[in-house]
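What follows is a pair of complexes built around chain A, which joins chain B in one and chain C in the other.
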Partner chain A sequence: MSNPNQTIPGQYRGNFLREVEANVEEGEWVKMCMQCGVCAGSCPLGPYWDYPPQQIFMMIRAGKREEVLSSTSMWMCTSCYNCMVRCPRELPITHIMHGLATYAKRIGKAPQTPITPRFAQKFWDNLTVTGRVNELKLGLALYFINGIGEGIQTAMKMQDIGLGMLKTKRMSPFEILGGHGIKDKAGFRAMLKKAEEIELAKIAKNQVAGV
Partner chain B sequence: MAKRDYSFYPGCSSQKGASASNCTTSINAICDVLKIQLNEIPDWNCCSASIGYAGGGELPRLTLSARNLALSEQHNPGQDVVATCAACWLATRETTERLAHDDQLFTETKIALKEAGLTLQNKTPVRHFVEVLIEDVGYDALKAAVKKPLTGIKIASYVGCQTNRPFGIAGESFENPLYLDKLTEAMGATALKDYDKKVACCGGALAFSEPEKSQDLIKDILQAAYDVGADMIVTPCPVCQMNVEVYQGLINQRHGTNFNMPVVYYSTLMAVAYGKSASESGLDGQVIRAKQLDALAGR
Partner chain C sequence: MADIIKIGAYLCKGCGLGERLNIGALENAAKRAGKASVVRSHGFLCNQEGVELIKADIEKEGVTRVVIAACSRRAKTEAFRFDEVAVSRANLREGVIWIRPDTKEAKETTQEMAEDYVRMACAEVRRMTLPTANPKAALNRRILVVGGGISGMTAALEASQAGYGVTIVEKTDRLGGWAGRLYKRVADRYPFADPADTGVADMVKAIQSDAKITVHLNALVSRTSGAPGRFEVEITSGGAATNETFGSIIQASGFTRYDLANLPEMGGGTLKDVVDQAGLEELALAAAGGPIKRPSDGREVRSVIFVQCAGQRSEKPGHLPYCSGFCCTTSIKQAMYFKDRNPEIDTVVLFSDLRTPGAGGEDFYRNGQRKGVTFAKGSVRAVVQGEAGPVVQFQDEILNDSVSMPVDLVVLATGQVANAGVNIENAPESAESVQKVSILNLTYRQGPDVPQLKHGFSDSHFICFPYETRRTGIYTAGPVRRPMDIAQAMEDATGATLKAIQTLENAGLGRAAHPRVGDLSFPTFRREGCTQCKRCTVECPFGAIDEDEQRYPQFNEARCRRCGTCMGACPVRVISFENYSVETVGQQVKSLEIPDEFSGKPRVLIFACENDAYPALDMAAQNRLEYSAYVRVIPVRCLGSVNTIWLNDALNNGYDGVMLMGCQKGENYQCHFVKGSEMAYYRMSKIGDTLKGMNLDTERVTTYEVAITDIHRIPKLINDYIAMIEKIGPSPFKGF
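After this line comes the complex of A and B, so read on.
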C-alpha cells in the first residue's frame, strides 16, 4: 500500500484550493482573503519571504501548487501573530502558515534550505522522546544540523553564550544524560500514535473521496 | 489573607537547569509574598510551542496540550490552569478554544487521550500568570506589598508577541498594551512610555534557525530601549528574555554596537521590590547583570 502522505492527490483535478481546504489546518479560510496586504506589511521577517501571506492566498486560488508548497515562505513565520490580529477578515493566518508548512513537509515538498523545516522536525523529535524538551540536546542537534565541520564552527561562535547560560545555571551539562522527562512515557507515546493515526486516516479518506 | 490556588503549568524552559529557571525562581518569590499557591500539574508534558508543526500535525499538537488539561482536571479540580511561559499559555489556551469550537477535533482528541487513560471535560479556564496578578490580586494590592520602591529606575516594557497576540491580556490593545508599564510603576519604577518596540518580534524560535535575521530584529529592540534612556528592559516572555539578553555580544560583533542592556522578568523586578534577596529574585540568572537591582536586593 502506498503511503497516503507521499501520494500526489490527483483527485483534486488541479484544484489546489480544494486540496488546501481538505488537508491544511484552517485551510477553509483561505478563500476569505480579500487581498488587502495588511499581513504582508505586518510581518517581522516579511522581506525574506518568497511570497507574503497575501500572495500565497492568491497563489493557492490560482493553483500554483508547486510554487506554494516548495517555497521558503511559511518557514519564515516567527509565530508573532501580528498578521492574524490585524487581518480585517480575521483569517487565522499564523495557523494557516503552520498548516501549509506541516502539509508541505508531510508530502515531501519542504525545502532543504533554510534549516527551519529540519530544525522544527528536530524540536518535535526531541520533545516526543521524554515528553519534555531537552534544551541542551536540541541546541547541539541544531549546531550539527549541517554536519560536524559546520557544527564545530557554530559551537565556537556560540561558546560565550553557552558559558553565560552555564554560569547562570540556565543550562545543565547533565541534561545530556537524559534529563527531565515525564513518568508516563508509554501512555504519552500511545496517545500521540493514536492522534497521528486518526489524522493520517482522515487524509487518506480525503484522497479516496476526492474531497 | 487566604491562599489562592491555581493549577500550574510551568513548561520545559522553567525547569531546573533550563533557560528560564530564573523566571521560576522569581515567580516563586512573589507567590510567597502575594499568597498565591501554584499547584504543579503532575507529569505535565511539552506543549510543542510554536515550532513543533514540522513534525506534529494539528491533532497530535492539540493532543499534547489536551493531556495537560486532562491531568489538571484530574489532579487539581476546580482550579484555573495558569502558565508563566507565553508559548505554553498560548498553546494551551488555543487548544481549549479549538476543542470547544470543533466537535470533531474534540472527539478525536478524546480518543487519543484514552490511550493514556485520560478523559477531558475541557471546562477549565487557561490563564497567564500576569492575569492572576492584575485581575485576581489587583494593581493596588500589588503596590501595597512593595517594601523597596524601585525609585528612579527607568524601564522599557517589552511585552513581545505571544503574551500579547493572538489572545493578549483582557482589556489591553494589541498595538500598545499598558499592563507591563502599570506593573513597573506599581513597583515605583519609571515606565518609559515612548518605547516603540514594545510589541515587536524578537524572532522567537527562529532565533535558532535564522540567527542573523532574528538578531537584526533584536538589535532594533535594544536600540529603541537605549534611545528612550532605559536602564533595563523588562519582559514577561521566556523566549524574549533569552533572545534579547544573550545575543547582545554577537550583535555587537556584527554591527559594531556596544549593547550591554539587562533584560529582566517582571517577576524578578517585583521580587526585588518586595524585598526578596538577589538569589530569591532570580538575579543570579542574569547573563547581563541588572546592577541597580543587585544593589537594591543586597541592601
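After this line comes the complex of A and C, so read on.
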C-alpha cells in the first residue's frame, strides 16, 4: 500500500486536487470555486484562520498539499454555515472543511494546536463507550486536555457553575462512575464497526487507484 | 398655396389652461402681435371636435399656417398633425401653467409668459414653409457588404432573406474571416458545455447558392461616392475595376490580430512555444482531433498555460488599453480542446478578472471548471526558455505566491485591433500606430473612411444609435465597431442590416433615416450670399456636404441628418431648412416685448436641445416643479444649429441673458448628432471677447450640459441663473 504522504504533487498540476476529490467528502466541488471571496468575508472566525476557505480551495488547485492538510483552518470551522448559504457557486463549504479535517487527521497531518482535533478525538472516545455523551467526563477531559495544572485552574474557575448545575439537577456527580447509556450497546458497536469497514474499504480502493 | 400666408391660431382651454390663463388676452396677442387671421379657442382642442375645427378652417378658410397654443410640441403629436400646412406649437401647458404656482401674485407673470409664447409661435409659423422631399431621392435595393467574415456573411444572408440584393467584397481569397480559421467556436447553445462547430462552412454554402448575393474575392473597394440610395462604388479585383451602385453600405471589416512581437517579455515573437489564440487554433486545426503538438519540436502538449489580458487592459506603450471581451471564453474553449481529448493534460488559465459575457458565458466557465481546467488569478512577469520548454513566471494574486512553472506551451490571449481604416480626425494613439489603409476610399470632403472615436474603433452613438456611423447610409458591424465575439458579431450584423434597409428605403422616399426619421426637410443655401468659407463643409458631423467645382458647398441631402449644425456654423446665414431657419428662430427672439429695466422683470432666453433638454423641461413640468416666469424657451434641433446671430439678436433686443442647453459632449457624448453640442460649446467659447466688446458680462451667455434625466436639476439651473442675472443687474441694452 502506497503512503499518500510520500507523493509530492507538482504546482498547479492537479494531483492534489484529484487526491482531495477522491478522499475528501464533497471534495469534487473544490474545482468549482470561482475565487470571489464571499466565504472568506462571511466567516465569523475569519481572522483566526490560517487561510480562509477561498484560499484553501486555491491552494488545493495550486498543489499546496502540506500547507493545506497541516493548516489549522478547517479545525477553526464552527459549522455556522454562513459561507455555505452565501456561496454564489453553491459549494458545500462547511462540509468540505469537515471533510478536509477528517482526511488530514486520518493520514496524520492534523495540527497539534489548536486543541480542536484532540477534543474531537476525546468526544468520539467518550461517545462510543455507552452510545451517549457523558457530559461530566467530557467536560473534565476538556479542562485537563493541556495537563493537570491548567485543568485544576479551569476547574476552580468553573466551580460555581458546576455547583449550580448540581443544585438544579442539570448534572449528576455519579456520572463519574460510568454514567447512563443506550439500551442496545452491542448493536451500537456493530453499527460503528460496519461504518468503519465501509470507510476503510473506500480508502483501500482509493489507494489501489493511486490517488 | 404655400406662398399665401394665412395664420390660424387655435387656443386650447383644456387641462386647466382656461382657468389659469386669460384666454381672451391670448386671443388678442395672436390677433394683434401675431397677425393671425383666424383665432379660435376650444375647450378640448385635441379631441375630434377640436381637430375638425382646425381642419375645416384649413379647407374652407384657406388657413396655410397653424398655431396650436396648447400643450408641449411633444404631446398630442398625432392629433395635431396636419400634413398640408406648417404647424407651430405654443407650449402653454408644460411651458407655463405646470411650472408656475397657481397664486394671485404669480398670475401676472404667468399670463405674460403665455402671451409671449403665443407671439413666438405666430412669428415662427409665419416664416415656416412646408418641407418637400429631397428632389434627388433615389431608390436602390442593393446593399454593399465590405468584408466576408462572420459579420459580413451574416449581414449578407439577413439582407438577402429580407429580399435585398447584396454584393460582398472580401479582400482575401475565401469567405469566413477569422471565424473560418477556428477549429471550433465557443458553445452557443444550452448546456454550453462543449466547443461547437463554427458554422462557417454552412454559411459559405448558403451564400454561394443564393442568387441575390454576389461575392467578389481578392477584391477591394477602391472608390465610394454618392449618398444613401445612390452610392457609386468601384470594386477592384486583380487589377480590374467594376462599378456598381448601392442603396446602403455595411462595413464589416473586422479586426486584425494584435502583433505578438509587442510582447517580448512574454516570449511573444521570440519563443516558438509561445503562441496567441489564433496560433493555437492553427495547431488545433493541424491536429485535426488528434493530440495537439507544440511548434518547437512537434511533441505532444502535456501542459499548457493560458495568459489572459496579454498586452491588453494595460496602459503600457504598445499595449491595448481596452478589454477585448472575447478572450476569456476563447481560452476556456481552447483549454477544453486539451481536456476533452485527455483529462490528464494540465491546463491553467491565468486571469486577472475572468469575464465571460453572453447568456451562456458563466455556464461555459463552469463547464471548463468541471472538466478540470485550473483557473488561477495571477499576473505574469515573464515567460523564459527553460530546459524543456517555456517557463512562466507569475505571481499568484490569491496566494500571494511567486511561481515559476515549466510548461509545454503558452497561449497568450491577445486582443482585437480594429480594422476601421484611416483615422481621419484624431491623431492616432500609440497602440494603433500601424499604417492604416483606407477601406471605403470615400470621395467625401471630410476623408476616405468613417470617423473613429477611440482606440481605432469606428464612432457610433453607443446608447441611442449603435450601428450608425457618422456617414449616413454606411453601417459598421462586428469588431470594427467594438471588440466582440462571434455571437455578438452575428447579432450586430443583423442589426446593421436592418438599419441599412431602413436607410435605403427612406432615401428612396427622400426623407431622413435617423434620428429624425421621416423628416422631409433638408438644408439649402443661398448661393449668391455664400462666401465659400467652408465652415459648413468642415463642421457637418456627418460629412454630408462636399464642395463643387466652383468651391461652393454641395449638399448631399440623403447623407444629411437634419441637425442644422451647418446652419449654426454659417457666418453669413445663408443656410436654412424649409421649416427651421435663422428666420424662424430669429423672429421668435424678436417677437417679444421686453419689459424695461425698472420693471424688475428680467428676460432670459433658453435655447434647449429638443432631444434631451426640452423633454427634461417637459418632465419637470409633469412633476410640477416650478421655475422662473422670466425665461422663454425655444427648442432647437441640436445646440449645434444655434447661430450666433440669435444671441446677437437677443442681447441687442434687451434680453438679460441666454442659456444654451445641449447634450454631453466629448468622448462619452450623448449628442444625437455626435458633434453638434461640441460645436456649440466651441463657438460659445469664442464669443467672450465679443460680449466684452459690447460691454456685457460673459455670464450673460452660458452653456449647460443637460441630460434627459436632469428633471430636478433643470429648474434649479434656471432659478440659479435668474438669481445671478438679478445680481448683476439688467442688460444695458434695454430700451434701445
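Here is the rule we use: the second predicted complex is superposed on the first by the 196 of 211 C-alpha atoms of A that agree within 3 Å, B and C clash if a C-alpha of one lies under 4 Å from a C-alpha of the other, contacts with A are read in each partner's own complex, and residues count from 1 in each chain.
Here, a residue touches a chain if its C-beta (ideal position, glycine included) is under 8 Å from a C-beta of that chain, and two chains touch if they have at least 3 such contacts.
Remember, it's a predicted structure, so these values are computed and weren't measured experimentally.
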| item | value |
| --- | --- |
| Which of chain B and chain C A:Val38 touches, first, second, both or neither | neither |
| First (chain B), second (chain C), both or neither touched by A:Thr78 | first |
| Chain B versus chain C as contact partner of A:Val129, first or second or both or neither | neither |
| A:Arg13 touches, of chain B and chain C: first, second, both or neither? | second |
| Which of chain B and chain C A:Met191 touches, first, second, both or neither | first |
| Partner chain in contact with A:Lys64 - chain B first, chain C second, else both or neither | second |
| Greater chain A contact set [chain C / chain B] | B |
| Which superposed partner A:Gly164 touches (first chain B, second chain C, both, neither) | first |
| Which of chain B and chain C A:Gln55 touches, first, second, both or neither | second |
| Residues of chain A that lie at the interface with chain B and also at the interface with chain C | none |
| Chain A residues within the chain B interface of the complex | 25, 44-45, 48, 76, 78-82, 84-86, 94, 98-99, 101-102, 105-106, 110, 114-121, 123-125, 127-128, 131-133, 135, 139, 142, 157, 160-161, 164-165, 167-172, 174-175, 179-180, 182-184, 187-188, 190-196, 198-199 |
| Touching residues on chain B, where the partner in the complex is chain A | 12-13, 15-22, 43-46, 48-60, 62-64, 67, 108-109, 111-118, 161-162, 165-166, 168, 174, 200-201, 203-206, 208-210, 213-214, 217, 242, 246-247, 249-250, 284-287 |
| In the complex with chain C, residue positions of chain A that touch it | 11-14, 17, 31-32, 34-35, 54-55, 58-59, 61-62, 64, 89 |
| Complex interface listing, chain C residues touching chain A | 303, 346, 348, 354, 365-366, 369-370, 372, 374-377, 396, 398-399, 401, 403, 405 |
